[in-house]
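Structure record follows, encoded as structure tokens.
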Amino acid sequence: MIIQVDPDIESPLKAAILKQIHDLGYKTTEVTTQRASYVVGTGKKEFDVRSIGHLPGIQDIHIVSDDYKLVSRKWKVNRTRLDLGDGVVIGEGTFSIMAGPCSIESEEQIERTVTHLLDNDVKIMRGGVYKPRSSPYSFRGMGLDGLKMFYDICRQNGIKIITEVMQPSQIADMLDYVDVFQVGARNTQNFNLLDELGKVDKPVMIKRGLSGTLDELLQSAEYVFSGGNEKILLCERGIRTYETASRNTLDLNAVPILKEKSHLPVIVDPSHGIGIREFVEPMALAGVMAGADGIIVEVHDTPEEAASDGQQTLNFDEASRLYQRMRQAYQLREEF
Amino acid sequence: MIIQVDPDIESPLKAAILKQIHDLGYKTTEVTTQRASYVVGTGKKEFDVRSIGHLPGIQDIHIVSDDYKLVSRKWKVNRTRLDLGDGVVIGEGTFSIMAGPCSIESEEQIERTVTHLLDNDVKIMRGGVYKPRSSPYSFRGMGLDGLKMFYDICRQNGIKIITEVMQPSQIADMLDYVDVFQVGARNTQNFNLLDELGKVDKPVMIKRGLSGTLDELLQSAEYVFSGGNEKILLCERGIRTYETASRNTLDLNAVPILKEKSHLPVIVDPSHGIGIREFVEPMALAGVMAGADGIIVEVHDTPEEAASDGQQTLNFDEASRLYQRMRQAYQLREEF
Amino acid sequence: MIIQVDPDIESPLKAAILKQIHDLGYKTTEVTTQRASYVVGTGKKEFDVRSIGHLPGIQDIHIVSDDYKLVSRKWKVNRTRLDLGDGVVIGEGTFSIMAGPCSIESEEQIERTVTHLLDNDVKIMRGGVYKPRSSPYSFRGMGLDGLKMFYDICRQNGIKIITEVMQPSQIADMLDYVDVFQVGARNTQNFNLLDELGKVDKPVMIKRGLSGTLDELLQSAEYVFSGGNEKILLCERGIRTYETASRNTLDLNAVPILKEKSHLPVIVDPSHGIGIREFVEPMALAGVMAGADGIIVEVHDTPEEAASDGQQTLNFDEASRLYQRMRQAYQLREEF
Amino acid sequence: MIIQVDPDIESPLKAAILKQIHDLGYKTTEVTTQRASYVVGTGKKEFDVRSIGHLPGIQDIHIVSDDYKLVSRKWKVNRTRLDLGDGVVIGEGTFSIMAGPCSIESEEQIERTVTHLLDNDVKIMRGGVYKPRSSPYSFRGMGLDGLKMFYDICRQNGIKIITEVMQPSQIADMLDYVDVFQVGARNTQNFNLLDELGKVDKPVMIKRGLSGTLDELLQSAEYVFSGGNEKILLCERGIRTYETASRNTLDLNAVPILKEKSHLPVIVDPSHGIGIREFVEPMALAGVMAGADGIIVEVHDTPEEAASDGQQTLNFDEASRLYQRMRQAYQLREEF
């Protein structure tokens, strides 16, 4: 159950509401986000909305039977749209492209990529400065200095950035240099990280786990929302299966299912989803047609020399063609 | 290695070719299809094409390092197109729609479906008369009588049919009443069935196994081709994964990968691929954008009353809308 | 619901029983096996046993809520034991070892293996003459002639044999030369084959599908039982997962679960289950401790030269050691 | 390549070694653990040990071609044994039992469990105070206060404890109250956590990821070792597959494979591995026979009332019987 309360509700009124709910055998979690105040009640008993609906301070009550509550579409009529500022919006009614290298490597690399993005009217650049790597001996990213350089160049050019955060202790340092935090597939169930991201006022894109279920992804989003941050994006990036012909198995079924279950925007990552450069385009286009709100794609001026993920990275020409085609596919989808 | 020989090559010449290849340590399989004659050589030694290329009777020699040979795209420049007659063609340069119920149930059902297909200019009807069912107590199809009725009505209306064959002993009886044989996901590696389908001159659509790899699917197609039948379609219909939010995980990565590896047409089955009626449309459209040569979709006038698979079956209105949208998506793809 | 009826029940009595059950909204399947006669009723309504229990000709009635009925343990107190003759019994209270090569290759090979088995008091020899192979160009077995040779040598030495059958048309020819039919992992859901094996009076061992669920395996066994053959063995042989460090993932969880769900004996195949020769022993021993009624293991006098599966095949010395250790482990288990 | 150097090597000597290796095109990582000092070189070039073997300060050089180096068995003759003090040792030549509840709930619960463990001569108690939960609304553990209580009671009774750590910031607080840190399946690739655990002098047990490969598990262990901590245990706890009859699929293949690849002890968790109380025993015994160095099992005085995981938790009687049987199985294994 989700109870939306007046943001400036007085303590005694709130206490009265909580007591009523506890008396019904429900546990409660109080949530205050950028947008509103909620009390989330979890329990198993049958519940009659009228039993508390008359209490002062309550704006609305919704019964949500899913395990996740606040990210469920069952209570929220309007889909979530995220405004990154400067006219950059993600979600319903628009199509977002996020492009850039796997890893931030140098000032020159950022500048070349920014020029490419500006030429193609792409507003969000991706790029990692903290890289989760299976082996401790692999390149692990340029770190905070790289991030500051990345952010500064992009801001000067009106480009928003999305970059991965790996642990709670990085958040404070990164906060001023990030437009969208990304939670990687290996951290989808890093609950402490999700808790902390619930406390910041920056959008968070959560990638589905390596072999995460859609319900787990939604529960992870619930961590962030219930922590106080409503600005969440979900990302399908392929799952681990027995098939070895592709790096991962891009599960586009996830797109309509997530959009049915949740009000959050859904982004598709075809680069990791198939892991083979020449097939990123058809999978990106398939993602658009499946209903994605945006695509995140790995792009590099010379993929062959990229510090990581070169085998699944498009060069600028390939990327430019893809942007155009995705926009045409999105336009066709909108006309349907 | 694939050696294309003159179809009317004289025995001594052929024997000489075979001897040469055996002397190189290769095993040989002689294949004669509707279209041409081949000798397939399998072995591991390095091989110089010039060592036998001069022999009379040889038209062409191709080195194919894949485990599958005849279905590989490495030797065949032109993609396979299947002509079902009456102007119905599947493959490169066209987009095929196959629609109809999971199970053939009655004459009235067939007639209603045919009318629907004619109204929408759909040329191929699907429908099962032999149904593989997990439980021996489930409905197992109308059998041969159902097939004859199905075929006759469709033929009178210029509609081609595709239907599943489950075992070798059914082939002879079915042969005159089938336009395309379908091999189901549980029979992808029923090698005896594939062997026998290699001996008929009717197209065969092979569905990927429940958890089959793409290489296994291609090897199964190789059984049919090496048996003497070049008329083969591949079908992605979703694989089994840990995810339970959908019936299967539609692996659209398979589309560009199969089309890169093989010259055979690739069909996508979004009905089984997601298993949820309201999401069949986005997945079908995604399949088109991924590069499919056609879509096979379950349609019924009253899905709620279908003998099987009702939960993933479109009604006629939903289907009509889908056909139109798929054609628009295909047109856009062609314009790229 | 399973209704056990008098084997020599008169037609009018049986018709009366069937009518009663149909009136309750149940469908019925009549089953007559080597051991007894049953009517299996499938339906969803609540059912009071007393409503038909008084009818003459009925021996017993069992409510079985599982999707599978006759193979369920819910109605059969005693576990199934299979008597192969000459004192060779499989099931509860005994531990069976089946050993031999992947493929039957020659008379000498059979004789050497038989000697090895006799030396070690192993009573059942495995060996394939029809080999399901992913590629049409691989060795596909010695066929019926090989089978006759295999069977004759073993019979002369008091050894029983188990060998794979791939399609219905092979059954009649094989029948006189087989002690146990094996259904391979690619044929677990070859329902026509299962139907036909339901009509013979020889034990059938059904391997779990490549990525088959335990419920599917039990349903496949239900095909054989409901066809009239109660003599069934189940075999866990590893499933397909994302892990590539082993050929398959041996799922020993299957052993206690299958033995809880069904009254049928459960055999473990560690050779395919891990696919690595030096680790077959620990996995076989683990299978014994998990509760297996028997182990089937690949053995060859010179594994390095085996026609197939050499990498997972034990030599005679390794096998002899394993037999002894498995027997000790089984003895310990029995003492628990 | 692993170069073992004198722990008290002088700087110029070490610099000379590093320079030589860099000149060969290798990258180096300097590692100092509780036991020794190493330089790990990673690169792809062929390398002749003799080219640097003569340098002073070098004790030994090992070529290790695996992606993981320090945890590989290729360079370390003797298997790792961990001495927890007070005679409690884990690894080669002994069999360790770790038992206790999923969650620490109360002082009384700890005391009852400790009494049970003492009665059964079990030396290591498990119990979580920080619980990773899919839902933010679930019980998340007693936290640090619970840990102190847990540790104190156990220490007074000579029992060692193992408990899960979820994030780097918890390590310092937990350090004085933990005998073995556990890294849970959702944190197997939480690389920052692994980095930090590399800096402490306490054993770390790393659970295999939800769908982690064995190579990834070994790479995660490499993080800890290369961070400076050699005291590592690996734990197989079941993987995620399509099978829903059990909570996870316990992959006992992992046991012999990990012990072949690595010198680290391998523990099996049958409780999570099958997730069904009555089948924990056979799977634990199977784990022993597969070669496990120890078993970690969930035990509670009243599993029906446990705060979490009750459905897979043994009561004290069941647990006592299991300990005895595991010891008998281990004894038999040792006699082989």
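Note that the chains take the letters A, B, C and D in the order they are written out, and that residue 1 is the start of every chain.
Methods note: a residue touches a chain if its C-beta (ideal position, glycine included) is under 8 Å from a C-beta of that chain, and two chains touch if they have at least 3 such contacts.
None of these values were measured; they are calculated from a predicted model.
Interface comparison, A-D versus A-C: the higher number of contacting C-beta pairs is recorded for A-D. Relative to subunit B, the chain whose mean Cα position lies farthest away is D. A straight line joining the Cα centres of subunit A and subunit D is 33 Å long. A separation of 39 Å divides the Cα centre of subunit C from that of subunit D. In whole angstrom, the spacing between the mean C-alpha positions of subunit A and subunit C is 49. Shown for subunit D are the residues in touch with two or more other chains, namely 211, 215, 240-242, 244. Contact residues on subunit A toward subunit B in their complex (touch as defined above): 211, 213-215, 239, 241-246, 249-257, 260, 273-274, 276, 278-279, 282-283, 285-291, 325, 328-329, 332-333, 336. Against subunit A, the residues of subunit C that register as touching in their complex are 211, 240-242, 244.
Against subunit A, in their complex, subunit D makes its touches with residues 27, 29, 40, 42, 67-69, 132-137, 166-169, 186-187, 189-195, 209-211, 215-216, 219, 222-223, 226-227, 240.
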